Amino acid sequence: MSWQIKPENFGCPLPAADGATVQLAHGGGSRLAAELIEQTLVPAFADPVLSRLEDQAVLESPLGAGERLAFTTDSFVVDPLFFPGGSIGELAINGTINDLAMGGARPLYLSVALIVEEGLELAILRRVIADLGAAAKAAGVRVVTGDTKVVGRGSCDKIFINTSGIGAVPAGLALSAANLQPGDKIIISGTMADHGMAIMSCRQGLSFAEPLTSDTAALHQLTAAIMAAAGMPPAAPAQKANEPEAGQALRAMRDPTRGGVAAVLTEMARASRVGVVIAEETLPVAGPVRGACEILGIDPLFVANEGKLLAVVAPESAGAVLQAMREHPLGRQAAIIGEVVAENPGLVALRTALGPHRIIDLPSGELLPRIC
Amino acid sequence: MCLAVPGKVVEIFEENGLKMGHIDYAGAISRACLEYVPEIRLGDYTVVHAGFALSILDEEEAAKSFAAWRELQAAAAREGVDLFGRPLADADADADEQE
Amino acid sequence: MLKHLDEYRDPALARKLLAEIAAVTTRPWVIMEICGGHTHAIIRHGIDLLLPRQLELVHGPGCPVCVTPVALIDQALALARRPEVIFTSFGDMLRVPGSRESLARIRARGGDIRTVYSPLEAVNLAVQNPAQEVVFFAVGFETTAPGNALAVQQAARLGLTNFSLLVSHVLVPPAIGALLAAPDNRIQAFLAPGHVCTVEGLQDYEAMAAAHQVPMVPAGFEPVDILAAILLLVRQLEEGRAQVENEYRRSVRPEGNPAARLAVEQVFQVCHRTWRGLGEIPASGLRLRPEFAAFDAQCKFALEETGEMESPQCISGAILRGESKPPQCPAFGKECTPEHPLGATMVSSEGACAAYRHANRQ
Amino acid sequence: MSWQIKPENFGCPLPAADGATVQLAHGGGSRLAAELIEQTLVPAFADPVLSRLEDQAVLESPLGAGERLAFTTDSFVVDPLFFPGGSIGELAINGTINDLAMGGARPLYLSVALIVEEGLELAILRRVIADLGAAAKAAGVRVVTGDTKVVGRGSCDKIFINTSGIGAVPAGLALSAANLQPGDKIIISGTMADHGMAIMSCRQGLSFAEPLTSDTAALHQLTAAIMAAAGMPPAAPAQKANEPEAGQALRAMRDPTRGGVAAVLTEMARASRVGVVIAEETLPVAGPVRGACEILGIDPLFVANEGKLLAVVAPESAGAVLQAMREHPLGRQAAIIGEVVAENPGLVALRTALGPHRIIDLPSGELLPRIC
Amino acid sequence: MLKHLDEYRDPALARKLLAEIAAVTTRPWVIMEICGGHTHAIIRHGIDLLLPRQLELVHGPGCPVCVTPVALIDQALALARRPEVIFTSFGDMLRVPGSRESLARIRARGGDIRTVYSPLEAVNLAVQNPAQEVVFFAVGFETTAPGNALAVQQAARLGLTNFSLLVSHVLVPPAIGALLAAPDNRIQAFLAPGHVCTVEGLQDYEAMAAAHQVPMVPAGFEPVDILAAILLLVRQLEEGRAQVENEYRRSVRPEGNPAARLAVEQVFQVCHRTWRGLGEIPASGLRLRPEFAAFDAQCKFALEETGEMESPQCISGAILRGESKPPQCPAFGKECTPEHPLGATMVSSEGACAAYRHANRQ
Amino acid sequence: MCLAVPGKVVEIFEENGLKMGHIDYAGAISRACLEYVPEIRLGDYTVVHAGFALSILDEEEAAKSFAAWRELQAAAAREGVDLFGRPLADADADADEQE
């Protein structure tokens, strides 16, 4: 049998790979899509399971005895794509690792799904993918499955990334925003608002004497250090899921991303039906970040962080946890910023430097620079 | 109205025929138009609103104000009471109860 | 460390000033901070909670969000909807509702609306987009007017024909006059606006203090400034004086900023202006001079007054004058909420109605 | 201690919830975001783990002895959002279930991440979310974690959805596009091109005598029936991962989405280094779909399906698998459309009705209607 | 079941016709199918692989993608880049490269380019977007011209001033004449374009068949049609006849479609036209009549001829005339690939160079 | 060039002053302009290119063509051989080997 080899598509649709920009055809089921996957995506993540290019990754069970599965997802839509101290690629890897780590999980596997705008320079796409690969490698987490869609010009803003993540939660550990108890201490792992102000400063044309950089970082090693310092996970046999062990010293961890510290504390106060009080003078903010906040009329409590966490710890363990955090490179400026109280459940109050308290509510809209 | 923050002039330049400057706020640098503070010099502090420098801060007046206020404070300290009339040592510990 | 800022937040110094205020206050006094920046600082630092109970601070109409009338917001919205227009505004105005919607909603429906930090950015946008009309929403008080004036002069210098201003400038002294002239006026002293005075100087305030026998103290915006100014005001009130005492000497000169005043004079002229919540106040606003009519969006786009009025239920005028409290309003918490405000004092989150609402106070 | 309750944001940023459209503020860390999550998303999925609103779902290990984890991700970017026979919400749930099912996995848990354009009518967003919830419920798969981002007007096309999924793969099962062997039969579960032509017809203003509907469907029960018919999974103890059991009759399954049947078969031929021959007259295409394809000059082999699968089966099991498929409601029109050959590895050929073969290549670009 | 279509795909009938062709063919013959639609069907169904070896089918230049010259594509690209223009085109033209890029690439960089199925959709876009200029890329042969003519008439009727055509219409008979006049011509018979003849009728073809003594058979586009037409051609060739025999009688009338011809005549006039790969052919195109100049994008936007030429390396003219094979071209597979085509026969995936390339034939 | 597919006219209407129709292709319905086939009636088949009906299919001519072709075919069948001259029974089984 001899085959007459002929082009498949006899109408006039022409190939249009110009080598420079993303085409709709990069989006799936086409020759360009296959090229992008095989020449750029697969090498960037260098993972044997991903390289098989099946519809799904199939993985040996990663769970030890009594361990539970952690699962999370986030989309990343930052503009600009590259900013001082980071890029959308790093954010996408670190952000999902962090959402796993906040539950006490060891991050194991990530998915990466790209939505790319037609016309984006391929060089930019390749740089984003390289950043994704480098961040995953740096964190020691495997990218095992992925997806790429290309949408028409004007149908998305350059590139959006979704990462989902799977991790393993040690037996007996049950961290939850609903675990807070009066007397607990609120610890932040470092300065507030670095990421959000680095981004906003790009947009507002601010510059900095020393570059203001995003704090994007993978926090799973810091969370491991915190858990160890808090005596977690216990050596004891696994318990009923999500029932906090009696006296579990570490109540909850959260990374204060969008909405900032204010949003995370409000969510915790609501979930636990407790009050939270933080003290203005204890809130760590880097000088230039504070300068930028003052100029633009923005409160750092509401600004996003991408490499910080809030840990809520029983008072007797707060010292040990704070110490452990400060010994970790990502927690050098850790500080106790407040505590949990029984009064005013669901509300967060800031004790100002002058003494009075004011309620910190969820922000009611996007943060905009103001003149008034 | 009129959010305006004092910053230090670290650079002066011209742009589109306008006198412009870079202003430093603890390391954050913004641009401002200096047309309304023609006599400004590098190192001066200026109050900037909506991208326009509106005054040069008068360091002498600032120092005078502080001197007056510190005097008030020193007087109180000599009396050994805080602003609520209680012994100074306690003031920090129970500020909350004041409200 | 922010010089000329952090030292004015010194808690020890603030407490000393508070003690002194407490020491000199013997009777109830009602003080208005006219400027929204002062309101903001007072609430942010909790200053009102630390003052002697006999001192009542009343929040004034010193915020463009509060006072820009619905009819003018509606004109802004009409411009922003036009396909050929790039509408530029300070971030502050984005969420202010007109009679039916806001700039933010029009942007959400496809309007090309950009927030700028300086009016010169709007001029640059006009240079960069010669095929489009760039309109800048020129709101604000005396402090903002010099920058907006220079934007017009710069556009004229560059020969731009695609740049214009929708002007809604207001002036503080006529508003103070209107508040003091109200029959039920309770305000006995004014914390005067430090940055307005930085531009305009003290002459008008001295005239008003003398005419109305009301003490006025221009103040900076940090806790120590505000407390020092309140101390100066209370001392005057207690002593029966009514003068202008300048707390903010490091920035405010008696003559103001002559270069800035000159530019404002060259570009703008005084006009009557309606204030949301207060109604029309004669000679309380600025508009472009006829020689700059080419830069006046109202002329250029032949905008019509919609004649849109405040809600008839709204009693925010009385609230702004300190005559009523929000719960006395029949619409409060019912037709009128922060999400769907009917009046000025619910529009701004600094407004009394919004503050009461957030606090769930009835 | 008494707190003076005050608004948090003293500048003039105003709340702007107008009740009708999506605002940037719905996107995270704000009051509107919390409302959207609590009032719309949580009830739509009604899942106890999702309802906890932690940064991650924590789940008891879903894996039986010897079972492996399947993990997949896909983004969905369809325009229009609602089309005859389905909606983006149904696609997003079914598509990820299908990618799990194609690996032989039982689908267990899904994540849902929304990217929403500012200005979208809230009613539309609620309808999309309701569709997501209904599809997950219908398929018996839990949505346990999620994310919502709002991007500025013009930065995305109404709504994009990412779903990621976790499933359990029976011990000893190793389906792979690399498993094909000469002689294997290619079976399709039903008619081609229904989904893609339903969408394209909406855009091209075509209508239909009887509505042409997308075939979107969750195929995990059909795949279970196929595996059972093929004698999979074996009762035998678990083997080394991804080593196909000797004589494993079911080689691979794939859902021919973007790029259609042509793209899937080409990928399989390449991965297995075999040739594939399909016979034109065996390809099932519904009449109106063929009509629409003829008018627009589009080849149904390249058009997307959302509720079909291709199964490659050893010849001795092909009859049983075909039978089992036809007995399932989603496989009534299943047909053997071709077979695997040793010649011309990596290439797919179509035997035309007249006899000659022509090579089916990957499409080189987006499908466009043509006049020539 | 598609009536008037599926019955013409009947494999049994096709085989009978093939047998008959085989039976009557005694010598080598070279037949050109001028129309890309025929090329498409021949390859789709594998017809060329079933014919007797002695019959050679040569693909003709009957595809607007193949023949629209680079200079005209460049004009389309220049229009599509203009911010005020909504550029409309059949999907076919989207990926055709001009001298540096394609409509698809300009769309990717932000150009407002929309694919339409009918030129009336472009007219509707002009009605719906009065503030923008809608340009329609009027490519095609005699078949497409009536629709494009009516679009212009309709736009005139509606009084549209924002609608225009970038015209690149070509005519088949002059191209056939040019091919036959080439010194090295090998083509002995033509499968004539069934839909072109449906509009234009058979007069021109009868004249050419007589003048050049070459058989011509207008054919439908299904396998049975094509095979029946080839049978008619081979019979003529074998018998030494040179006539027009109409295979596609169900659609093609000798006089064509008078209403369609009249509209074309009213709106267009014959002009010289350059064909990519073939060069200028006198009286081989259509352009808008002067009375419709207001709808002529070339006048309206004062487009300049870029004078962009075919690559000097390219021998696609010779290939199109059946004189050379692609591997004889020095650029084949080197500078010239389907992704970066230099010439007509690599541009269209139906072209001989692209087909050779896909087949990895050297 | 000139992709055009025959479909059946199932509706005739006017739009913006133009005679338009809905054309059915095995259940897929498209719109076409009927200005160039003024005499067309419901139930007629027409060939549509780029949204324009260009001819009314002549059922009689179609039938005539088929009659001629079927005649050819019947002749072959009577001979008992397929188009390649081989016995008819084998024809389907090994069509592949023909190439």
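So that you can tell them apart, the chains are marked A, B, C, D, E and F in the order they are listed, and the count of residues begins at 1 in each.
As a working rule, contacts are C-beta pairs under 8 Å (C-beta built on N, C-alpha and C of every residue); 3 or more make two chains touch, one makes a residue touch a chain.
Composition by chain, UniProt nomenclature: A, D = Hydrogenase expression/formation protein HypE; B, F = Hydrogenase assembly chaperone hypC/hupF; C, E = Hydrogenase expression/formation protein HypD.
In this text, all values refer to a predicted model and were calculated from it rather than measured experimentally.
Q: State the smallest step count from chain D to chain F, taking one step as a move to a touching chain.
A: 1
Q: Ranking chain pairs by how many C-beta pairs touch, which one is first?
A: A-D
Q: Measuring between Cα centroids, which chain is at the maximum distance from chain D?
A: Here the answer is chain B, farthest from chain D.
Q: Taking each chain's centre as the mean of its Cα atoms, which chain lies farthest from chain E?
A: Chain B.
Q: Starting from the mean Cα coordinates of chain A and chain B, work out the distance between those two points in Å.
A: Taking the average C-alpha coordinate of chain A and of chain B, the gap between them is 37 Å.
Q: Express in whole angstrom the distance between the two chain centres, defined as the mean CA positions of chain C and chain F.
A: The separation of the two C-alpha centroids amounts to 76 Å.
Q: Need the CA-centroid distance for the pair chain E / chain F, whole Å please.
A: Chain centroid spacing, chain E to chain F, equals 21 Å.
Q: From the mean C-alpha coordinate of chain A to that of chain D, what's the distance rounded to whole Å?
A: Roughly 27 Å, centre to centre.
Q: Touching at least two other chains at once: which residues of chain B meet that condition?
A: 1-3, 5, 25-26, 31, 49-50, 96, 98-99 - these are the residues of chain B that touch more than one other chain.
Q: Quick check: what residues of chain E touch more than one other chain, meaning two or more?
A: Correct list: 1-2, 5, 15, 36-37, 43-44, 46, 49-50, 63-65, 90-92, 94-95, 104, 117, 140, 144, 338, 349, 358.
Q: Among the residues of chain D, which are close enough to touch at least two other chains?
A: Counting only residues that touch two or more other chains, chain D contributes 1, 4-7, 9, 11-17, 23-24, 152, 154, 204-205, 287, 290-291, 294, 297, 355-359, 361, 364-365, 368, 370-372.
Q: Could you please specify the touching residues of chain B with respect to chain A in the complex?
A: 1-3, 5, 7, 10, 22, 24-31, 48-50, 95-96, 98-99
Q: Using the touch rule from the top, collect the residues of chain B that touch chain C in their complex.
A: It is residues 1-6, 8, 16-18, 25-26, 31-33, 35-38, 45, 47, 49-52, 54-55, 57-59, 61-62, 64-66, 69-70, 72-73, 76, 81-85, 91, 98-99 of chain B that touch chain C.
Q: In their shared complex, at which residues does chain D touch chain A?
A: 1, 3-9, 11-17, 23-25, 27-34, 52-63, 67-77, 79, 98-100, 102-103, 105, 109, 111-115, 144-147, 149, 151-152, 154-157, 160, 162, 164-167, 169, 174-178, 241-242, 254-255, 257-260, 262-263, 267, 271, 297, 299, 302, 304, 343-344, 347, 349, 356-368, 370, 372
Q: Per the contact definition, I'd like the list of chain C residues that touch chain A in the complex.
A: Interface residues on chain C, with respect to chain A: 1-2, 5, 9, 11, 14-15, 36-37, 43-47, 49-50, 63-65, 90-92, 94-95, 104, 115, 117, 140, 144, 223, 338, 349, 358.
Q: Taking the touch rule as given, give the residues of chain C at its contact with chain B in the complex, in rising order.
A: It is residues 1-5, 7, 12-13, 15-20, 22, 35-37, 49-50, 62-64, 90, 117-121, 140-141, 143-144, 146-147, 150, 154, 157-158, 193-196, 198-199, 221, 224, 228, 247, 249-253, 257, 259-260, 263 of chain C that touch chain B.
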